[in-house]
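The two complexes that follow have chain A in common; it is paired with chain B in the first and with chain C in the second.
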Partner chain A sequence: MKNQLCLRQFLFLISMLLMLSGCWDQTNIDKRAYVVAIGIDKGEDNKINISYLITNPELSKQEGASSEPAYEIITFPTNDLISAKNTANSVIAKEITYNMLGVIIVSEELAKEPEFIRYMYDVTKDREIKRNKTMIITKEDVKTFLTENKPKLETRVHKYFEFIIENAKNAGLIPDFKLHSYFSITESDAGLFLSPYATTEQVPGGKYTVGEDELLAGELNIEGDSNTQFLGSAVFKEGKMIGTLNGEETRLTILLNETLEMGEIYTTYSDPFNQQYRISTRMMKRDKNEVKMDFTGYIPVIDVTVPVYTDILSTHSMETFDNGKIEQLKLHIEDEINKKLNNLIKRTQEEFKGEPFGWALIARKKFWTRHDFEKFDWMNTYPNMKVNVKVMVTIGTFGEQSKLPDLSEVRD
Partner chain B sequence: MEKMRVKQFFNKLIKEEHPPFEKAAKEDDLLKKKQIDSSLAKNMEIFKEIYYVPNNCDVNIRDIEIGGTKKMAAVLSISSISNIKIIEELIIRPLLSNDNESKVIEKLLSQQVRKAQVIEDILKEINNGNTALFVDGEPNAYIINTSNFQGRSVEKAENEVVVKGPKESFNEQAITNISLIRKKIRDENLIVESTTISKRAKNELYLLYIKDIANEELLTTIRNKINSLDVDSIQNLSVLEQYIEDNIYSLFPTILYTERPDRAGEFLEDGFIVLIMDNSPDALILPATFWSFFHNAEDHYLRFLFGNFIRILRLLALFITLFISAIYIAITNYHVEMIPPDLLLAISSTREIVPFPPLVEILMLEIAFELIREGGLRVPKPIGPTIGIVGALILGQAAVQANLVSPLVVIIVALGGLSSFAIGDTNLNYTIRLMRFPFLISAGVFGLYGLTALFTIGLFYMTSIKSFGVPYLAPMTPNDSTAKDTIFRRLLKNELYRPGYLKPKDIEKKAGE
Partner chain C sequence: MDHTKGKLGFREFLAIIIITFGTKLTDNTPTGLFNKVGSAAWITIILMCLLAIIPIYLLTKVITAYQDQNLVDIIYHLLGKYVGFFVIFVLWLTETYSIVLSSSMYTDIIETMYFVRTPTLYIYIILIGVAAYGAKKGLEFIGSTAWITLVGLNLALFVVLVLTFYLGRLSYLFPILGNGIGEIIKEGASNASIFGEFLYLGFIVTSLRSNNVYRKGIWTGFLYVSFIFILSLIAYIILFDYVSIVHLNYPFHESIRYIQLGFLTNVESLFLPFWLVASFIRFSFYLYISALLFGALFKINQFKYLVPSIAILIIFLGLIPEAPVFSLINFREKLVYISTPIFYFLPLLLWLMAKRKGVFKK
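Right after this comes the complex of A and B.
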């Protein structure tokens, strides 16, 4: 009897559960329109122009080839990211969802607006937008960027963004900061946030440089069908874009910033023995940077030691390296990186008045209380700090080298 | 008030429709309790009446005159269940050809002879295929073992197939089955108790245990349970199982049913109790835990790593069967962000042209799969091969082409269905297959949350079940350090103890240490 009573109560509770919770927010998987990229442009007055890049699942179908396009782009003015979902449904038949969202693309024009940060906080309000996504800054309007961007080999547009960001990031050409960092860095008010910089507009003729990476997106002279370039980074201070770093500077930033992971970077240096040729190297970071800070003096001092491991891959001078020459080469590379780093740091101190190297995180540990750190005012103190950078290059292997012919004998 | 009246009305109705049942056996019972007479003619009259001779055609009565003593005698047997040759050569011929007047009957026959007086006992012996010899002037009957029931020989196990290990299985004769077990355990402590468990059909049940291992209390519980049965007939163990199990309505089986003598032997040696009956090509093992259903004979026959490999596979199969369609429903309806983009698009594009919501789609296919399975099982052998082809063709190919279901759902249902075959035990197999449906529904209503909630409730329930006093998930919970043979088996040399949850008299498996 008692058991039955228990059972009845239990069943009652279960049925209540059905009413209280349930499938009210369920939408069938095939009744949604999947937005792969959201573009945000400056609109009139306080409005923004939002662009949706909506992928077409039809392509996945095996039987019966479809003649529908792979994706659809729509652009319309709106007040914010969230209500835009509904507005879009006046054009798009299915329910708009951000579940598959890969990137948020913002035009440089809007990013430089002081009001920009207000729109960005919409991202935190929508639960479908994951904060491990990338924010891309484009030189032109996002609308133009999306329509002009026509990847030839990746018909599935979400794959295109996924792959190009992944690989450009591994090459160190764009920074690996996610949306989440935008908020955390802006809120801590002590550092600079970097965001990948991209464009479909090429500078006519490109720009000549000695190395291969001292370029910003659009400056690389590439001929062919693909016209989109992901290169360099946009610099954000206090949630607002203030400038750009080119590919080389981005790589150096990654080298200095411990919170960013550095992959294997292929790059070239001038040959100390024959100035007209360059040496190809593979750079890796095997150990952590050593950052020492001294805030006791009148001018705060930061000493950074950057260990770099370098493999020499190819030398056009066809020089044979003995131990002495290796030592010379090492000093030469150290010197070259040092110069570049000092230039970069100088630029951040003078032009940006902030650092994107994540040193604020390290510095925070040197203070007893958070209040102390805030009083120290890292952002404003940084431009006056003395930063000493020392690069320690370890020359690794030369790889497997086939015996090079003696040029004088070949050309006799 | 109203209720009472309605009840009374129905009671009346029932009473009117069914006059008191005739207790047909009552008068006979009285007669059968009597002892037999010393007059042969009188005895024969009684037995002829009981056996309804001569209408009952396979009951044989041979009247003979014993040589030497010149006494009249009758040999009574049922020809269909006794060995006619033995009766002829070892009973009738020695009696006829005797010429010694002083020899007693026991000495005349080369077979072992028992005496019986009560009619009931004699009937029981005859019904078991033995032969009764009545001699004029003697108030008892001589019983000679001649029983010869027809049945299969020992064949290969069909349901619990192993690749490595013994292949023979139980058949329908209890004596053969006991012999198969005794072949494995040559131990004087292996006891075979026999009891009659039904009133009319007089079905014999054999209770097997090892005297110095099996727990006395457990034995008493089982004996009491068996003796308290009050039914006319229990044909075989499959029926008996339902009479003696603890949780009749439960989805989970609590008595293990095996057709392999090696498994029965293994369990006996661990202190379990085995039930064997005529007409059952199997044995019941009790008490049973969840793990005994999950395990397979081959787990211990294969080498350590291989044995554990198939255990992992079986566990995987179990979870796939239970969850795969439910997870599909939950994820595609509620947790779309969990699916990798390419799969998401693939599912979305194939689902676009399917007219039903995913839950209906999956349920349709699951039910169709179960139908094919049941149909395939019952189909007469000559038609068998066709059903496979038709089923696979219609469901797989045509349903997709007709846009009734999406191809991914076919894969999911087929995978779940095939995985269920990896769970060898018939009972557990049904449990898992049935449980899929509640999981499907809960996933369709609450998503992954519902799935986990139902799974948790299921686990709660499983810990509450007991089989003859043994917790269902022992030795995992309550934790028992003696026998750790649960998901994975241990090295044989490390299996030192018998399962402690049975409270065996001898817990150590190694003798003499």
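Right after this comes the complex of A and C.
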């Protein structure tokens, strides 16, 4: 009797195993085509041209190197992101999946269309596209971007996007906004959304600038095998692209925006002791910005104090610093950043008529209800606000060797 | 002879409470709140908890005044044969209706978020089938399953919450009053039936080891559930911001798709089994209660045999709604408006009657 019961239970458990296979939603990983980047270009009428960058998973195998290429690119016109999966199957043998999607790339032309936001909401409908991905804006067509982009050392193309975004973000050259921010910023209608700006088209000869980061993607003169540049950001207002910020402005935005994390930024300033040279510094944020807002007056006032921690890395004027000179240097850097910040704020107020600094989030604390805040109309009030910026520089180390020889003695 | 054999202890009772109420914050219960009060949903929950204390207190007082009698006997004793029958019938109806709605919703979650190709009917059959198996096995079985899985489920939930808090921004909580204080009070008062199932816990009081277990379990469970409810609602807002949250169907599932566990990116498949186990326990308990009430109404002593028939009924009713995402939220709102007055006034009525009949004096 007891044996029979055991047997019955055993049979029951065995039959349960059948359920584990998942019947309808069962998929074999080797029967899927993994799209790692989706490109969206403007198409004819209301259509879009979609490009798929499909990776070859065989490449990750350790044994038996495959002779197949690392990835495949296809482009075709379609109505939306989701039905495109099926259309692609007329060319691609395997089932298309967005599970391994890393980036969504959009051409500047389409991003500037007022209709662009309609296509973006497909992303929230498809369950395979997650909201923590990055959106990249390209100067040229995405189709051209994807075919021209040939990273020499990162043959596994999904790793390439992951790494370059990660490191350009840490250098402050591109903003760190996720796809979800596009929706949340657009929906709350109070700020500007920034997206990394990239291109494979280099301006012939590049653009000359005094500093090293006052450039937009394509303007940096780089010779060699890699031709893709991630530099600067595309500015979105109400879901539509309205302009760009160059590398320096992007870095300053990161400095002002508390919601963006600032890495270690290497940058140069003019030397206060010898105008001919520039000193290079490493900037870090150790403390938070202090933002005070006063909405009681006729003109709302924002007071921002930005603490910056700076290491001096090289001084070509061969100056050895003492306390007085450090103070002078400090004032000089503060002054320079201050000027740049004021220019940037002025530009956002006059040109973009909105702010990408996340101040709306701080302003929200001043209001009790959503209704009050929406009545205040942050986006339309911002251009008329008075913004006072104060930079406080703390100077840290002077590199491994802090003293430099006197050149006149050396050359003597 | 051990008299406590086959009865639930404190920990099993507590585990049942935590799991049946805790799973609510993973379905569209928060969505309903966010729709109405925006970012102040968590304040609404605090208000709801405060309001819920009174009925729960009154009910506990009435129930603990009796020995070895569950809420069915108490209702019959206090309200008489006919009114009592009617009240229990209404309770059974709302309970069964709420199982139909929530099971339909859970099926929708599984279908839209995880198993897109599997036909709804099969998802439904498996969900309710497993739950019916649990309910048929009895309360003891449900209790011990709940207790065994409790630690794992809570651990999973807290991992989700910690990661969400890590990624989220506290400034998304502002403007702190959301859609205004009037809306908070209105919704807080009319949605209190989120805690309405505390009524149904009174029906299993004879299966508990003692009245003391009941009292301790109810209050500990209530505190814990309120705590995780507030925490999760805050977590959803700080992750998605106050406008976007309104557009999401199932904030919990959207959150676990958003977060990352270090280098692991697709973590939702890791949390899905935990959530499924919790859902199975929740529906087992609901089905058990539904069968128990039906048995009490029509004097069926072996009410466990009713479970399969009720389960089949639920599957067929639950398959009816078209476009479940939208229709269910409407149905749920109606249910909330019906069951909230019951939750407020039934305990009060019972308490008044008990006072008149001098139950407390014994």
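The rule is short, and it goes like this: the second predicted complex is superposed on the first by the 385 of 412 C-alpha atoms of A that agree within 3 Å, B and C clash if a C-alpha of one lies under 4 Å from a C-alpha of the other, contacts with A are read in each partner's own complex, and residues count from 1 in each chain.
Simple rule for what comes next: contacts are C-beta pairs under 8 Å (C-beta built on N, C-alpha and C of every residue); 3 or more make two chains touch, one makes a residue touch a chain.
Since this is a predicted model, take the numbers as computed values, not measurements.
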item	value
Partner chain(s) touched by A:T381 [first = chain B, second = chain C, both, neither]	neither
First, second, both or neither for A:D30, with chain B first and chain C second	first
Partner chain in contact with A:S280 - chain B first, chain C second, else both or neither	neither
Contacts of A:Q202 with chain B and chain C, given as first, second, both or neither	neither
Touched partner set for A:H371, first chain B, second chain C, both or neither	second
Which of chain B and chain C A:K130 touches, first, second, both or neither	both
Which of chain B and chain C A:N99 touches, first, second, both or neither	both
Partner chain(s) touched by A:E187 [first = chain B, second = chain C, both, neither]	second
Touched partner set for A:N170, first chain B, second chain C, both or neither	neither
Those residues of chain A which chain B touches in one complex and chain C touches in the other	22-23, 25, 99, 130
Sites on chain A touched by chain B in the complex	18, 21-23, 25-30, 32, 34, 55, 57-62, 97, 99-100, 102, 128, 130, 156, 158-159, 162
List of chain A residues in touch with chain C within their complex	19, 22-25, 99, 124, 127, 130-132, 180, 183-184, 187-188, 259, 361-362, 364-365, 367-373
Complex contact set, residues of chain B against chain A	332-334, 336-337, 341-342, 344-352, 354, 357-358, 407, 444-447, 449
Contacting residues of chain C [partner chain A, same complex]	38-39, 112-119, 122, 126, 169, 171-172, 174-181, 240-244, 247, 254, 257-260, 265-266
